[in-house]
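Two complexes come next, and they have one chain in common, chain A, joined by chain B in the first and chain C in the second.
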Partner chain A sequence: MNDREKGNGQVIGRYGVVAVVAAFLLLLPWLPKVGPYFLHVCILILTYIIATSSLRTIYVSGQASVGHAAFMGIGAYTSAILSMRLGWSPWLTILIGAAGTTIVATLSGYLFSRLRAIYFSMVTLFFGVAVEALMRSWVSLTGGRSGLVGFPGIGVLSVPGIGEINFAASKTPYYYLMLLLTFFTLLVLYRIERSRTGMNWMAIAQSPLVASSIGISETKFRMLAFGVGCFFAGLAGACYGHYSGVLSSSSFSLMPSIYLVIYMLLGGMSHFAGPVIGVVVLVAIPEIFRSLKEYAPFVFGVIMLLVIFLMPQGLAGLMQSGKVWYEKTFRRGAL
Partner chain B sequence: MEVLTQTIVNGIVLASIYILVALGFALIFSVMQVLNFAHGAIYMAGAYVCYFWGTTFGLPPWAAIVMSAVVLAVFGMLLERFCFRILEKDFNRTLMFALALIVMLQTAADVTVGAYVKRVPSVLPGLIRIGGSITMSKERIIACVIAVFLLLAVTLLIKKTLLGRQMRGVAQDRDAASLHGINVHRIAGIAFGLSAGLAAVAGGLMGSIISLNTYMGDAMLVKAITLVIIAGMGSLGGLLVSGLIVGFIDAVLPIFIGGAGSEVVAFACAIVILLIRPSGLFGQET
Partner chain C sequence: MAALLEVKGLTKFFGGLAAVSQLDMSVQEGVILGLMGPNGAGKTTVFNLITGFMQPSFGQIFFQETEITGKKPHIVAARGIGRTFQFAYLFPDFTVLQNVVASFHLDPKCGFLEGLFNTGAYRRKEQRILSEAMEILRLVGLEREKDVLGKNLPHGPQKLLTMARALAIRPKLLLLDEPIGGMHFDEVNQAISAIERIRSQGTTIVLVEHNMRLMRLCDRIVVIDFGEKIAEGTYEEIKNHPEVMRAYFGHEHAP
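So, the complex of A and B:
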């Protein structure tokens, strides 16, 4: 059913929801009771949305990567070190960081493309752990175990017509920056996935043999998916690095990579919105229960168990079956 | 000479404990086709349960290790019966459940014992003198002896007994095994219990050599996966070789290039081996 066949009410309703969500996100920093900590959590959520959505792009092509956080780390460290050592503007180094991540990812994606299924997962796992160990051992460049500090933040940006935006003064500019990047990321990833390239990825994921028999180059498209996914991971990592001002190798080790996989699977891998929902639910709800202190991760675990046993399609699947239930109960005629 | 001997013994000790953990991981994978990412967390839980038995209940260390193996084996069987069996044939949900288990077990350890540095009481304290000038702590020797003994026992179990043959049958072809009257679920339960028990023993032994922390499972999980991948899925004999390789890399390299540097080398080696021989050193080509 396309928009033309629907009643005007439904179309208006859909755009209304989008408008309300957009307005809420845009006005968020100005709402009452929204403090710096709340904004910090929002920035964290946006970073993870970029990382998890880009991870899903890699999974769509049938490559179950378990080392995605390492690529965030490559972007973050590249950008931070360039801006610190060479004094370049963070705006430039963030792009260089993302580009560098893409190059590393494409090369390693080429090497790894001969491995399939769990062997691919394992090689990305080793790659992630090795990169993290490299960050820890190369003390002169990365600061080693104690972490990298002292690289510049984004600083002051002067936009003609608006005036100067001081990124150091508050978290609000960073929030808008991440919001813009998240929107950009989701748009690009969605367009690619719905294009011919995305179809080729899905074909390769279903059966590499059949896909290559109809002329889809498995190596080429898997490299492409890995490169595109890791570009956005590097972007998210680089931006987050300049936002937080401290980089520690432990935030890019195995467990962060696994958490990205958890967010994605829990949100529902078969839906584009899955990673977004997964990140929002799994980051926001434990934050609500922060007063439980060391018991707080239990909340995280319980949500996971609930989703695993009650919602086989993930949280996004719940949304869809809820929609079906709503249509069945209230709009019998419409179906 | 002294350093050399100690390094060799350390390598063997590390290798034997790595192999114990990896054996359980490989067993679950071949019998149930489940990548049990929670295996490292079970190993960590084994060490903590052992610490509990040893300090709170005052059991002698050897009994603490046995009891922690029993507790974790029962826990593993329950997990298989009530969780993994329900999620059977759904790879994503099984994986997710294993990850949820990591979160739960780590939090439980944090809450009960706390993140402070703890140490499992040693089975056999004191030093031993080998050939004049070389001294070794007895607990390392005893850890190695127990691990090797268990490895032999499990290998015999898998190769010689009826139960072992049933396990190998299920690993080869689940449906065919089921058609021949093997209770596949029972075998899976036993395999899970055995694997969790082995991990618990490894945790108890390692806990007396190094100190405990809640994240010790992560590193060990990566080690176990490395061993299994290098050896090739489904090759038990290969685990011995890959275990010795990784154990010696971990014992020797830190002397020359530091701990983190040796990890880089070890994982780079693992990547190269995987790229050259995708099914591992001893795995069958599929």
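So, the complex of A and C:
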């Protein structure tokens, strides 16, 4: 149903909701009781939204990757090391980090595209573990187990007309930067998914055999999905690195990759908004119950099982069926 | 006139077994050619070899006088050979209309960037594709089911849909693998009239079938058994051919 077919009230209602959410997100740092810690959690959430949504793009093409955090790591380390060793501006190295991640992903995606289903997942898992081992063992470049420190943050940005924005002084500029990047990421991923490229990805996911019989190159489109997805993973990783100021290989190991999958599955893989919902719920809950942090993997496991058995469509799917139920029950006359 | 499709000495071994052996076949433009043979004769293997889903052990395949031997399936499709499968393979989570629309991938100028920026030209093009897809659905008689998910269709309409999908790549040559297998009477009529209309629009067709009603549509029939061609000719010539009788019934007379 497009806007023209809807009643005026519904359209106004939808834009109204969007306006309220946008206003809330833009004014968030200025709301009372919002301190640096709250903003820190928001920045984490935005980073994970970029990472999880880009992971979903890869899943849309039928590729169940379990090594997405490794690509965040490639972006993060590339950007951090270049800015530290060569003294380049982080603005530049973040882009180089994302581009480098895309190149690595496209090349490995070409090799991985020969494998399907569980074999693909296994090889991405091994790749992720290998990348993490490399980050841990290449001590001269990455600092090894003690982590990489001493690379510059984003620092001060001079914008003509606005003045100087000091990223080091407070978390607010970082929050706006990540908000902008998240908006950009979601917009691009949404447009691609709704275009013919997205249709080809879904076709390959459903039947590679039929897809190739109508002229869709499985290798090309799977590489493309992997490259696009990992570009945004690299971007999120690079930004996060300069934000936190310290990189440890364990942030990009197998467990974080699996967490990304869990965020996506809880939110609902078949809905574009799924990763957003999943990340907000699953990053917020552990922060609220911070004192029980050791039990997080256990809680995640239970959540995972509940999702798989009770709501395979995820939270987004639950909202959809709730809406259908509501319209059937209360608005029968209107239908 | 040169043939649209020319197969020369096509051979495929599975281990020590020759599934297809020294097959020569040529398909003239505008005809319906029937490929016949008992179960396991190698008919589907021939299709798979032509469309690149399998690599031949020996032999060559020419399409429009260009060699396509061993090319990847999506390249063969782009050259203009559409196919269906013996089973009703389709996109189960796409609607009937989406199943056909997906086939317009080969339509030129469906670029990544045009789609990303959703340009006016791109939107107009997708509008045109929608109306052309509906046209194809009308041809096979599925226009009323356009919003049904592929997986929710009964078997017969599913097979009709696979035919529509193959047709939507605008092939010069259409390979139909048992297009009416498992269909009931009305659906068979629907399929046969669709095949006749496809032919009248100038598409060359090769079809694999056991059903004699469908074989009567064919301008020419090639009969293979154990991968070898045992007879070729019109329906009338094939009907009482002794080799064909032997292949199907074990002796030279109809039982």
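One rule holds for everything that comes next: the second predicted complex is superposed on the first by the 316 of 335 C-alpha atoms of A that agree within 3 Å, B and C clash if a C-alpha of one lies under 4 Å from a C-alpha of the other, contacts with A are read in each partner's own complex, and residues count from 1 in each chain.
Assume a residue touches a chain if its C-beta (ideal position, glycine included) is under 8 Å from a C-beta of that chain, and two chains touch if they have at least 3 such contacts.
Not measured: the values here are computed from a predicted model.
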Contacts of A:Met304 with chain B and chain C, given as first, second, both or neither: first
Which superposed partner A:Ile192 touches (first chain B, second chain C, both, neither): second
Chain B versus chain C as contact partner of A:Met269, first or second or both or neither: first
Contacts of A:Met122 with chain B and chain C, given as first, second, both or neither: first
First, second, both or neither for A:Leu134, with chain B first and chain C second: first
Per-residue contact with chain A, leading partner among chain C and chain B: B
Which of chain B and chain C A:Leu254 touches, first, second, both or neither: first
Chain C residues within the chain A interface of the complex: 51, 53, 72-74, 77-78, 82-83, 85, 89-94, 98, 101-103, 105-106, 110, 112, 114-118, 122, 126, 165-166, 168-169
Residue numbers on chain A that touch chain C, as the complex places them: 188, 191-192, 194-200, 202-203, 206-207, 209-218, 224
Chain A - residues contacting chain B, complex: 111-112, 114-115, 118-119, 122-123, 125-127, 129-130, 133-134, 136-137, 144-145, 253-255, 258, 261-262, 265-266, 269, 294-295, 297-298, 300-301, 304-305, 307-309, 312
Residue ranges of chain B in contact with chain A within the complex: 35, 37, 86-87, 90, 92-93, 95-97, 99-100, 102-104, 106-107, 110-111, 215, 218, 221-222, 225-226, 229, 257-261, 263-264, 267-268, 270-271, 274-275, 278-279
